[in-house]
Amino acid sequence: MQDLQWNKFLIPYEQAVEELKVKLKGIRNELRATSEYSPIEFVTGRVKKVSSILEKAKRYGFSPDEIEEKVEDIAGIRIMCQFLDDIYKVRELIRQRDGKDLYIVYEKDYIKNKKDSGYQSYHVIIKYPVQSAFGEKEILAEIQIRTLAMNFWATIEHSLNYKYKENIPENIKERLKIAAEAAQRLDMEMWQIRDEIINAQTLFETKSNT
Amino acid sequence: MQDLQWNKFLIPYEQAVEELKVKLKGIRNELRATSEYSPIEFVTGRVKKVSSILEKAKRYGFSPDEIEEKVEDIAGIRIMCQFLDDIYKVRELIRQRDGKDLYIVYEKDYIKNKKDSGYQSYHVIIKYPVQSAFGEKEILAEIQIRTLAMNFWATIEHSLNYKYKENIPENIKERLKIAAEAAQRLDMEMWQIRDEIINAQTLFETKSNT
Amino acid sequence: MQDLQWNKFLIPYEQAVEELKVKLKGIRNELRATSEYSPIEFVTGRVKKVSSILEKAKRYGFSPDEIEEKVEDIAGIRIMCQFLDDIYKVRELIRQRDGKDLYIVYEKDYIKNKKDSGYQSYHVIIKYPVQSAFGEKEILAEIQIRTLAMNFWATIEHSLNYKYKENIPENIKERLKIAAEAAQRLDMEMWQIRDEIINAQTLFETKSNT
Amino acid sequence: MQDLQWNKFLIPYEQAVEELKVKLKGIRNELRATSEYSPIEFVTGRVKKVSSILEKAKRYGFSPDEIEEKVEDIAGIRIMCQFLDDIYKVRELIRQRDGKDLYIVYEKDYIKNKKDSGYQSYHVIIKYPVQSAFGEKEILAEIQIRTLAMNFWATIEHSLNYKYKENIPENIKERLKIAAEAAQRLDMEMWQIRDEIINAQTLFETKSNT
């Protein structure tokens, strides 16, 4: 890919993002239409900017030819959940499609294994076939699954990393970790409310049956 | 399908329409981004209303159980083209995908074989697999390919058929045929302009090369 | 406007186009929701490209300072109608808003006074106040009202003008005029169908009352 | 409004929601396009369901005739902010438009005066004039401004209120209050990070100037 024509190169990634957004939003609509709880709250997607792709390639020492197979998040999808355990339900919904309209390459659980920075999310790297006017092309895409609180934290961290060019000062790093804990506490509290509710319902249903 | 739960029944059709719209619009965007001419001007889609499905089933004598496999246009996609010959280019783009993300069942050329009413369009009936939260489901969809002038005419005819419940009075039928011819003349005129342009270009390029 | 910061300059125009599209589509939705006929079939909008603004300014001899008040179609809205007489109904709907959320500057009837090229449309030039983060700004916008057939023709002419840089060869100009007549004939045929329908209805209603 | 034709009644509210969404998203786009920080993260809107309007009218003892002037949140807009102090910046942006395209009726600060339940948000009730095909109509709308954490909490509380029909059990109410505190702590942490950053910048700029 000596003469990288970026515009053309990115077209199948843009197409993949559009299709995956429609497909994942479809699951949410489907579950809501059948009055079932949807573990998907909302879905966003983006194609990485050329400058960010080049920066990442440089940071990891990838040659231009390797970008396509080594930069896994050129096409990025983000799925937001209300509750912690929804994340694993969404993972199952993606695993169900494996071998059908997408192919899972690998998964990374940054929730059970939180990053040092405080970052939490569940990542699924997939291969996704795109039909173009010039034939089929298989591209890599990264699906990030997270709660709203995790997403909030990650948005702030992302803009700080952008601002400080990956060199966030130590005192702010510390503050970020404290904020990550506050986000985690919020998720735990919400999860407990949910448990309480489910217990309350079971109790109620048991009683009603007697 | 005794107890037809329409809401649930229609979900995969709605999903198919959304996905096909994104895919076909993607072709247009792709061609325009690479500065190539796009034979697709715009794409619309709709799911047939329950009342219209039932009416069609009744008219053709389909039992409720047969609706799924016999009513082929519950999911409907319409592709509009600027020029007559674009229709056949779009057909090729769809044939290219056959066996990949869709399966062509059959085609009907109502351009070479205009209907008595004056109706013109190219129809492709496809099978399309939808991934849902409860597994894969293959549905039928109808893709209609037409010029803007054909579409204009068909829109009017459709609303008249709706108004007169398929019994359009003879004098209006006659007028519709005259209008269909006017639409066809417009398409022919436009096509000739296009030929003129292509000839002009070829002439120019030949001259430049000497 | 010596140092024309285009990006910033165009923001209120983009905002105006978005707002006007929502407002005019709203009229269509409102009429359809109340089961009344909508003279508006669909609405599109665009902001003129910087290169086209500069070209127009050059062609007419406007200085950069004059662009804002003399290039009237930087913000452009296009309203498509099914029938010829719908155009004048849409004009009335716009006139109703005059002095409320928009101000009509002047109108041009290129239907009664067709251009030499064959171009037909009804133009309304308005002033539209946009509220921005930095206060109110009043901009000019052009609303074009046309039938689907007129729009079809105009799209082709526009791309030819673009291709030939406003110097369309004579033979193609002649063909375009013939095509414009074919488009006009289609509009006339459709209009007559409509009349026929309205007469049929009146007859029917008169009979039912006896 | 004896014979409340709901469909027709709600049209101007739907139109108002669409217009206000476009206008408020416009502010965000404008600020981002000029590389300024946008206090608006995202905007959503909805029209209250008929069943919820009737329920609210019943709860407060409003007669059907009073619905229009007393149910202030039939048209609802929600603006989400990243940081606590953004809320007051958004309020200023709305106040700037007062008397132009909207009219502020009153404001309620549920951040400085948190509700007993734990609910936090800033509310602005406005009058908004909608131009319809049948003339101008002024409607009431409620704009809620909150942080992402407040919104997360409020979404859960709303679905619990819906589930328990406004009678949330005491133990779940207690848990909700704890969760509200966790959300508030997260907002406070984030705010401090922001302060730290601003201080860091000021320090940096002061040093650079010497």
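Note that the chains are named A, B, C and D in the order they appear, and that numbering of residues resets to 1 at the start of each chain.
Throughout what follows, a contact is a pair of C-beta atoms (placed from the backbone, for glycine too) under 8 Å apart; a residue touches a chain by one contact, two chains touch by 3 or more.
All of these numbers come straight from a predicted model, not from anything done at the bench.
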Interface numbering overlap (same over half, different under half) for chain A and chain B: same
Chain located farthest away, centre of chain D as origin (C-alpha): B
Rounded Å distance between chain A and chain B, as computed from the means of their C-alpha atoms: 36
Centroid distance [mean C-alpha coordinates] between chain C and chain A, Å: 43
Geometric centre distance via CA averages, chain C-chain B, whole Å: 27
Chain A, residues touching no fewer than two other chains: none
Touching residues (chain side chain B, partner chain A) in the complex: 7-8, 11, 14-15, 18-19, 22-23, 26-27, 29-31, 33-34, 36, 93, 96-97, 100-101, 129, 131-133, 135-136
Chain A to chain D touching residues, read off their complex: 82, 148-149, 152, 155-156, 160, 163, 169, 171-172, 175-176, 178-179, 182-183, 185-186, 189-190, 192-193, 196-197, 200
